[in-house]
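Can you read through this structure? Questions will come right after.
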Amino acid sequence: MKIKVRAFASFREMLGSELELDLPDESSVQELLDALASLNPRFCSEAFDRSGLLKDYVLLMKNRKRLDRDSMNQALEDGDEVAVFPPVSGG
Amino acid sequence: MKIKVRAFASFREMLGSELELDLPDESSVQELLDALASLNPRFCSEAFDRSGLLKDYVLLMKNRKRLDRDSMNQALEDGDEVAVFPPVSGG
Amino acid sequence: METRSPSFRPCPGAETLIEITEDDFCPQEIIERAKSTAAGAVVTFLGTVRDDGLREMVVEAYPEAALAELDKICNEAADRFGLTSVYIIHRLGRLAVGDNIVLIVVSAAHRREAFGGCSFILEELKSRVPIWKKEIFDGGERWVGT
Amino acid sequence: METRSPSFRPCPGAETLIEITEDDFCPQEIIERAKSTAAGAVVTFLGTVRDDGLREMVVEAYPEAALAELDKICNEAADRFGLTSVYIIHRLGRLAVGDNIVLIVVSAAHRREAFGGCSFILEELKSRVPIWKKEIFDGGERWVGT
């Protein structure tokens, strides 16, 4: 299945602004992030701690709704848009 | 001595915006107010209670500085400007 | 009667302007003046004549005392909130529904100071500055706040 | 990229407009739109690029998510503070020192609602809306807030 990934701010500088990943059906959010980490070592070290957990400051959205840490095992569906970004600072 | 009196808002409508009173030397603020009360019965009933005391809401300035109720016996000097007005409502 | 007065006791470092005038004012002109590279935040309060069923409003001031009091408030606010600039314009005379009454524009390095300063100035203005408003209805009139 | 969006879920009774755009804006135009005979108070926040020794600032957004979040904030504020109108414009792209970044204009019957609403919107914007600012110095650059 195809998952659209959008990255912003410092993560955009590491991953590019928009990419499409082809993942096995029913892959989870965690599996998507693992795929992203393997794409880019800098993203890997910035976004994950040494035990492989996503750092607290990293924010996620699925289809423009915030995802909390309880949703990391949620299965993704073909066509989902997942966004990954650091804390916001508008205004 | 001459005292310039300036009245504002509802009190201006009763007393006029600016008047000059000729009072005996060393007249007090209280005596000036008594003179104003005798000039205009409506001002008298609006500004004073039945015992002749200035009502709390009436505000006074002498030479553009606020006068409190402790200063009613203060002696005026020739050329002083006394202002009398109801509560302010700018903005 | 128009009374124009650049602030006569400017707060060190803060640019200030205080006016009591019959003329209408242009918020944009003042906001542009308030912007500076030292300020990241400009907060503006514009008060207008609200339609409370009234026909018009008349604003009256004790101009010399009002300017002196506004000047004090301006300096208190600049000191207390570290403002970069303070502009206060209050209109006098007959105003129709929708007309501008008062404009307060402050700038500061940060948003909290700018909001705090603007709101402080307005509250002090309403409670301390010898300016009065009279609302005129079809059936009568009343001085506001009395 | 310019993204213009009239508010798509307007609060009943409140006039709203939300824009995320590369274009500069004119505070006067928005303030004039915010004025209405039902409102006695218009409060405006203008954020500009402050000179913190930086050369320029770059603003980036997740536009679809930012517009949806601003729209929510706009309606929350209108409900909570009884606002008559809410206008939010946030710029994107490269900005120089002194340039406008964000404009929030709200109107309400009374001053407290207008101040409360404007300040609420700004705080929520800063904490919830996916917009990022990067400061560019002569010797480097940094994303604000990280």
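Order as written gives the chain letters A, B, C and D; numbering starts at 1 within each chain.
In this section, contacts are C-beta pairs under 8 Å (C-beta built on N, C-alpha and C of every residue); 3 or more make two chains touch, one makes a residue touch a chain.
Here the structure is a predicted model, which is why all the values come from computation and not from measurement.
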item: Chain B to chain C, fewest steps along touching chains; value: 1
item: Chain whose Cα centroid lies at the greatest distance from that of chain D; value: B
item: Distance between chain centroids, defined by C-alpha means - chain A, chain B (Å); value: 74
item: Distance from the mean Cα position of chain D to that of chain B, given in whole angstrom; value: 50
item: Geometric centre distance via CA averages, chain D-chain C, whole Å; value: 24
item: Of all residues in chain A, the ones touching two or more other chains; value: 91
item: For chain C, residues contacting two or more additional chains; value: 47, 111, 122
item: Those chain pairs that satisfy the touch definition; value: A-D, B-C, C-D
item: Complex contacts: residues of chain D adjacent to chain C; value: 26-28, 31, 35-51, 97-98, 109, 111, 114-115, 118-119, 122
item: Chain C-facing residues of chain B, complex; value: 6, 8-10, 12, 57, 61, 64, 83, 85-91
item: For the chain C and chain B complex, residues of the former touching the latter; value: 47, 59-62, 64-66, 68, 90, 101-102, 122, 125-134, 143-146
